[in-house]
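There are structures below to look over.
First chain A sits with chain B, and in the next complex the same chain sits with chain C.
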Partner chain A sequence: MTLSLFDQFLSPVVCWIPLVAIAIILPWILFPSPTTRWLNNRSLTSQNWFLSQATSQIFLPINPPGHKWALLLSSLLIFLTTMNTAGLLPYTFTPTSQLSINMGLAGALWMGVVILGMRTQPTHSLGHLLPEGAPALLTPILVIIETISLFIRPIALGVRLTANLTAGHLLIQLTSTATLAMLTIMPVTAIFTGILLFLLALLEAAVALIQAYVFVLLLSLYLQENV
Partner chain B sequence: RMAGHDAGNQHQFTGLAKHFNSYTIVGRRNCVLATYASLAAIFLFFKLKPKKKPAVTEK
Partner chain C sequence: MPQLIPTPWLALLIFSWTIFSAIVLPKMLKHSFPDNPTPRSKQDLHKNKWDWSWH
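Showing the complex of A and B:
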């Protein structure tokens, strides 16, 4: 019983062919590139409008040299939003519930941002490791704490997304199992559990969108410090 | 000023505080580098310290 709860997080394989690649490529077919026509169709226009709004909001506080990262961060936003929401469908696999995928994204992008800061403005990047106006006696301990917090960032970024999605999917599975199990034995309790399941599903839909946004927002904040 | 970013221009530092302070960006950078150098020095000191060999007793 306990083992089957985590079966949904196993990377799907059919005839030794890993299906995770198909799951990751999914956003590519859902977001077609703009055509050469003067006016695109409604779905493409609305997709592009949402994306341009989200990108302009994310890049408002960032200096112009950091706007080169717009394509990378907006495609990351699309990727994570699609992965998270598609994973809410029954019997689907959520790639972003895997720590490997999230740590690969978080670690690589965080390191890119830090290296960019160290290369283009090393004084500012190093200076940010000591809070302004700190007392002289606390300087060594504050520098150590800030350095540790700098290196904790990619771990927190990856684990936050993984933990939120894994916990949500587990809760949905537990609640749905309980609802089905109690349907014949205690129907009234099963109805209340069913209502809870519905509310939980709404919550998970919100969490899927919010966590994708938070991931990209935090990366944009790290970029803001380093550009 | 209690709140807001301190430009560091109004502080007139002299001596060592001119290079190591927590108000100017250069001062903060130097403090960070000095902390890293001190930690590296402490690590190297304990790493390269010769270990005391126990005295050989005649049996």
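Showing the complex of A and C:
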């Protein structure tokens, strides 16, 4: 029974078309390319406003040399929020519930910030392995622990997003199956489960946005450490 | 768990990065953020008077 519940995360192929391709390409129709006109339509203006607000929020605590990453991290935020929220629609496939996509993004970007830090300011980057104000006796253990935590970061980043979205979708599938099954037998319980389903859907919408933001926020923190 | 099936792993990874670099990055790059317009003060009107300098 559990295996068949996870089947919704199998990368679906319909008529030899992998639906992941459609799920990743199609949402960008909702984001028109800005024109060279001074005034754009409402959707473009609101997207522009949101992009500028999000970028300034993320990059406020980062030193000026790190501002070169503005395009990458803000596009990543838009990418993840779009993928997550589009996956909440029925019968769609959520690309960000796949470990491959999330690990690809997390690993590559984490490695980018670490290599940047090691190349431009190696002493400063390595200094993060020993937090300030720690007792001198604990130095060897602390360095080992901090190194392990450094290398766990990409895995944590990718798996966090995957697990959150997978768990959310799984819960929605479970409660909807339960509601439907109980509708004829125990209608009152089915109504309560339906209310739970509604609340879960709201939670999943919030989780979709929050998890994307957390992903980008953590990457910006790792960038701030290394730049 | 279907996320651990190795067959589409590399294809999904490369495909998502390709679409990200080819579609999302250029789209976000085209967004421009002009400065907010500053209100005109009354003194500016009196500073640069029009003088018919070629007569």
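Criterion: the second predicted complex is superposed on the first by the 223 of 227 C-alpha atoms of A that agree within 3 Å, B and C clash if a C-alpha of one lies under 4 Å from a C-alpha of the other, contacts with A are read in each partner's own complex, and residues count from 1 in each chain.
Following the convention adopted for this analysis, a contact is a pair of C-beta atoms (placed from the backbone, for glycine too) under 8 Å apart; a residue touches a chain by one contact, two chains touch by 3 or more.
Bear in mind the structure is a predicted one, so any value in this text is a computation, not a measurement.
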- Message: After the superposition on A, what does A:L126 contact: first (chain B), second (chain C), both or neither?
- Response: first
- Check the residue A:L218 against both partner chains and state whether it touches chain B (first), chain C (second), both, or neither. neither
- Query: Which chain, chain B or chain C, is in touch with more residues of chain A?
  - Reply: C
- Message: If we overlay the two complexes on their shared chain A, which of chain B and chain C does A:L51 touch? Say first, second, both or neither.
- Response: second
- Identify the partner contact of A:F31: answer first if only chain B is touched, second if only chain C is, both if each is, neither if none is. second
- Using the superposition on chain A described above, determine whether A:S100 touches chain B (first), chain C (second), both, or neither. second
- Message: Looking at A:T139 after the superposition, I want to know if it touches chain B, chain C, both of them or none. Which is it: first, second, both, neither?
- Response: first
- Task: Mind sorting out which residues of chain A both chain B and chain C touch, each in its own complex?
- Result: none
- Note on the structure: Per the touch rule above, chain C residues touching chain A in the complex are 1-5, 8-10, 12-17, 19-20, 23-33
- Message: Under the definition above, what is the set of chain A residues touching chain C in their complex?
- Response: 6-7, 9-11, 18, 20-21, 24-25, 28, 31, 33-34, 47-48, 51-52, 71-72, 74-76, 78-79, 95, 97-101, 103-105, 108, 162, 166
- Interface residues, chain B side, partner chain A - complex: 5-6, 22-23, 25-26, 28-29, 31-33, 35-36, 38-39
- Item | Contact set on chain A toward chain B in their complex | 122-124, 126-136, 139-140, 143-144
